[in-house]
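Only one structure is covered here, and it is reproduced in the block below.
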Amino acid sequence: MAVEQLKLQLLKIHQNKIFEFIVISIIIFSALVTGAKTYDIGSTMANVVAWLDMLITVFFLIEILIRLSSEPRFFDFFKKGWNIFDFIIVTASLLPVDGNDTVLLARLLRIFRVLRLVSVIPELRILIGALIKAMPRMGYIVLLMFIIFYIYAAIGSFMFENINPVLWGNISISMLTLFRVATFEDWTDVMYETMAEYPLSWIFYLSFIFLTAFVFLNMMIGVILDVMQREHEEYYRESGEGESAEVHWIKEHTEQMEQRLDRIESLLLENVKQNVAPK
Amino acid sequence: MAVEQLKLQLLKIHQNKIFEFIVISIIIFSALVTGAKTYDIGSTMANVVAWLDMLITVFFLIEILIRLSSEPRFFDFFKKGWNIFDFIIVTASLLPVDGNDTVLLARLLRIFRVLRLVSVIPELRILIGALIKAMPRMGYIVLLMFIIFYIYAAIGSFMFENINPVLWGNISISMLTLFRVATFEDWTDVMYETMAEYPLSWIFYLSFIFLTAFVFLNMMIGVILDVMQREHEEYYRESGEGESAEVHWIKEHTEQMEQRLDRIESLLLENVKQNVAPK
Amino acid sequence: MAVEQLKLQLLKIHQNKIFEFIVISIIIFSALVTGAKTYDIGSTMANVVAWLDMLITVFFLIEILIRLSSEPRFFDFFKKGWNIFDFIIVTASLLPVDGNDTVLLARLLRIFRVLRLVSVIPELRILIGALIKAMPRMGYIVLLMFIIFYIYAAIGSFMFENINPVLWGNISISMLTLFRVATFEDWTDVMYETMAEYPLSWIFYLSFIFLTAFVFLNMMIGVILDVMQREHEEYYRESGEGESAEVHWIKEHTEQMEQRLDRIESLLLENVKQNVAPK
Amino acid sequence: MAVEQLKLQLLKIHQNKIFEFIVISIIIFSALVTGAKTYDIGSTMANVVAWLDMLITVFFLIEILIRLSSEPRFFDFFKKGWNIFDFIIVTASLLPVDGNDTVLLARLLRIFRVLRLVSVIPELRILIGALIKAMPRMGYIVLLMFIIFYIYAAIGSFMFENINPVLWGNISISMLTLFRVATFEDWTDVMYETMAEYPLSWIFYLSFIFLTAFVFLNMMIGVILDVMQREHEEYYRESGEGESAEVHWIKEHTEQMEQRLDRIESLLLENVKQNVAPK
C-alpha cells in the first residue's frame, strides 16, 4: 500500500506543471553550462562549472528515477521511445571520467543533454516524429543520389586522378569533391582545373549538377506530398469536419435515401395494385 | 459642435485619395533624402537635405496629428497595431540631435520612415500580416534548428578549438562558423582544415548540412501548408463559392431531402392503411 | 477580288506547317549566325556571315509582310501582343548601320531575334503568359523586398562607410553589396571586415539573411499557389470533368430532385385528401 | 518438352527471392571492386581485383542468359525497357581490352554496372520512371532557359570580350560563365571586373539572376504540379477510395435516384388518375 501511495505521489510530481517547467529550465541551464565550458574561464569558475555539472547530472538522475518509479510496472517505462531516449542520455553522462581522453568523451556525451528539450516539449516531439515518418520515402531517394555520386566519383577518379590527386585521389575523396560541387562551393575552380586537360569535362560537371538538382527536387516534392497527405488524413480523421468528411456523410446518406426510395416505390406499387385489384 | 465638425473635416482629409497619394509620395521622397545623405554631397546640398528632412518630419507630425484628432475618441487611435507602428516611427524622428553620436542614431531612426510604406499600402500590410501569422509555427522549427546548431557548435568547440580558435574559439563563434557552413560559404576551407587533424571530421560537416537542410525543408513545407490552408479557408468563408461551398450546400440539402422523404413515406403508409382499412 | 485571293494565298502559306518549320529553322540558324560572330573568324567567313545575316533579315521581313498582308484588315495584325513583339524585333534589325558604335547596337538588336522562338512555339508562349500573369502578385513582394534592402543599405552605408567605402560607399553600392550577401557570395568576408570594428554587426547580416529568405520563401509560395489555382480553374472550365465538375453536377441535380420531391409530396397530399374527402 | 521444362526451371531461379538477393549483393560487390580500383593497391591485390572483375562479368552474363532463356519467346525479353538497359550494361563490359586507352574505356563501362541496382530495386525503378515522365514538361522550360542563356551570352560576348576573353571569349565560354553566375559561384568577381569599364553592367547580372531564378522556380512548380496530379490520379484509379471516388459514386447514384423518382412520380400520377377516373 505504501508503495502504491508513493507511486501516486511520484506520478503527481512527474505530471506537475511546475516540475515540468523546472526540468526545462535545468535542461537550458545545463546547455548554458556546456556552452560556458567552451570559453577560457578561470580555474575557480571551472570548479563552479564542474560542481554545477554534477548537480545537473544528479538532478536528471533523480528526475528519471521519479518517472521510472511512477510507472505501474517497471518495464512500462521502456515501452515509449522517448523514455528510452531520455534514459540513454542521462545514463551516458554518468560514465566515470578519469584520463584526459575520457574528459573529451564525457563532455561530448553531456552536450546531448540539450536534446532532452526535444523529448520534453511536445511540439518538437511532433516535428521529430514527422521527420522520422518521412525517412523511409527519403531512403530510396538518398540511395539513388548515392548511386549517381558513386558513378560520377568513379569516373572522376579514373579520369582526373593525375590532374589533382588531392581532389580525385580515390573514390571516397572524389565523392567529397562532388558533394562540394553539388553545394556550388568553388566548383568552377575544380572544373577549370580539369578543363585544362580535358576541354569537354564541363559536360561531366554540368550533367552532375543537373542530375543532383533534379533528384533533390524530387526528394523535396516527395516529402511535401508525404507530409501534406498525412496532415490531411489526420485532420480528416480527427475533426470529422471539412470537405472530405462532408462528402463521406453525403455518400452514406445517399445510400440511406436509396433504400428509402426503394421502400416508397414498393409501397406505391402495392398501392396501385390494391387500387386496381379490388375493382 | 465645432470640435465635431473639425473632426469630420479632418477625417475627410485623412480618407482623401489625393492626401493618401501625397503621403506615399512624401514617404518615398523621405527615403530618397535618406539615400542622398549617404553620398558625398557639398555643404550647400547637405543644408538643403537637412531642411528637407525637417520639412518631412513636420509633415509626418501633422499627418499623424490629423489622424489622431479625426478619431471619435483619442485612445481609439492606439487600438490598431499599424497606428502604434506609425506613431512610434514618427515620434522617434523627433528626438533632439546635438552630439555627434546622436546624429548617427537620429539618422538610423529616420531610415525606418520608409517602413511607413508598409502601413500605407494595404497589399504590403496583408503580406506582413501573413508573415506574422506564420510566426508561431515557425518558432518551434527555429528552436529545433537552434538546438542542432548548439550541439554541433559545442562539439566543434571542444574538438577543433586548438586547430583554429578564430573559427572554433567558443560556442558563439562556433555557431557563426556553422551558420557559414549552412550557407555553403567557403565551407570546404573550414572542413579541409579540421580534416588535416581529424580525417573523419567530414562526417561532422556532412551530417550537419543534411540535418539543417532537412529541418529547413520542413520549415518551408510548414509555411506552405499553413499559408495554403489559411488562404483556402478564407476563400471558402468569403466567397461561398467553389467546391467546398457546393459540397456543404449539397450536404444541407440532402438533410432536407431526407426529411421530405420521411414525410412522403409516412403519407404513403397512411394512404395504404386508409385504402386497406375501409374495405 | 485579286487582292482577296492573294490574301487567302498568303494565309495558306502562313498557316502551312512546312512554312512554320522553315521559320523555326531560320530563327535557330539566325541564332547560330549570331553565335558565330562571337568567335574569331577570318574575314572571308565574316563576309559570309554578314551576307547570311542580311538574307535572314530579308527573310524575316518577307515573313512579317506575308502575315501582315494575310490579315483581313491591316490593323488587326497589331491587336495581338505577340505580333507586335515580332514586328518590333524584325524592324529593329532593319536599322541602318554605319559607324562603329552602331555596329554593336545592331548586333545586340539582332540577338533578340532568338526571342522569336518564343512567339513561334505555342508551349513557350504559354510559359511566358503564365509568368506575365504572375507578375502583379510578385510586384508587391518585390516592393517589400526592396524596402528591406533599402533600409539595410542605408544603415550599412551610415555605419560601415568608413570601414570599406568600396562596399558601403553610398546607398546604391550598399544595395549591391547586400544583394551579394543575399546570394551568400563571400558574405562572410564582408561580415568579418565590419565585425572587426563593430563586433555585434553579425546581427545586421543574420537578420538580413533571415528576412530576405523569409520574403523570398513567401514569394515562391505565392507563385506556387497562384499558378496552382489558375491551372485548376482552367482545367475545371475546359474539361468539365474531374471532382469539381462532378460536385457542380450533383448540386444542380440535387436542386432538380428537390423540385421533383416537392411535386411528389403535393401529389400525395392531394391523393390523401381525395381518399379522405369522398368518403 | 525438355526445353519447356528447362525454361520453367530457369524462370523459377530468376524469380527466386534468394537469387534476387544474390544479384543485388553481386552488384554492390561489383561497385566496391570498381571503387577499390581507384585506390593505390599493390600488384597482387590488383590481380585479385582483376579476377573478381572477370568473375562478376561472367556472373552477370549467366544471369542475363537465364533471364533471356526463361522468356517464352526469345524477343519478349527486349520488349521491356529495363531488360534492354540491363543487356546493354552487361554486354558493354564484355568488350575486349588490349591497349592502354581501352583499359580506361572498359573501366568506365564497368562503372555503369552499379546502375543495375536501379533496374533490380522496384522503388528506384518507380523513381526513375517518374523522372522520365516529367521530362516532356521540363523540356520546354529547359528550352526557354537556354534561350535566355543564349541571348545573355551573346550580349556578354559582344560587350565584355575585350575585358576578359577567358570568361567572355565566345558564346560557348560566355554560357559557361553565365551558368557559374546562375549558381552564385564567385559571380561578384565576374561583375566587378566588367563594372570597372561599364558601370551599369550590374543590370546585366541582376536581370539575368532574376530571370533564371524565375524560370527555375516555375520549373520546380511545373514538376511539383505534374507529380502531384499524376500521383492523385493514380491513387484515384487504383484504390477507388478517397474523396474523388466518393464524389463519383454519389454522382452515379444521384442519376439512379432521379430515374427512380421519375418512376415514382409517374406511378403517383397514374394513381391520382385512377382515383379520379372511376368516380
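Side notes on the structure shown:
The letters A, B, C and D name the chains in turn, as written, and every chain counts its residues from 1.
In this text, contacts are C-beta pairs under 8 Å (C-beta built on N, C-alpha and C of every residue); 3 or more make two chains touch, one makes a residue touch a chain.
Just so we're clear, the structure is a prediction, and the values are computed from it rather than from any experiment.
Although subunit B and subunit C carry the same sequence, what matters here is overlap: shared residue numbers make up under half of all numbers found at their interface.
Centres computed as Cα averages put subunit C at a distance of 28 Å from subunit D. Subunit B and subunit D have Cα centroids lying 39 Å from one another.
Residue positions of subunit B touching 2 or more other chains: 184, 186, 224, 243, 247, 250, 254, 257, 261, 264, 268, 271, 275. Taken pairwise by the contact criterion, the protein chains form one closed cycle in which every chain touches exactly two others. Checking each pair of chains for touch leaves A-B, A-D, B-C, C-D. Residues 140-141, 143-144, 147, 150-151, 154-155, 157-159, 161, 169-172, 174, 184, 186-188, 202, 206, 209, 214-215, 217-218, 221, 224-225, 243-244, 247-248, 250-251, 254-255, 257-258, 261-262, 264-265, 268-269, 271-272, 275-276, 279 of subunit C are the ones touching subunit B in the complex.
Of all the residues in subunit C, the ones that touch subunit D in their complex are 31, 34-35, 37-40, 104, 107-108, 111-112, 114-115, 117-118, 121, 123-124, 127-128, 130-131, 176, 179-180, 183-186, 220, 223-224, 227-228, 231, 243, 246-247, 249-250, 253-254, 256-257, 260-261, 263-264, 267-268, 270-271, 274-275, 278.
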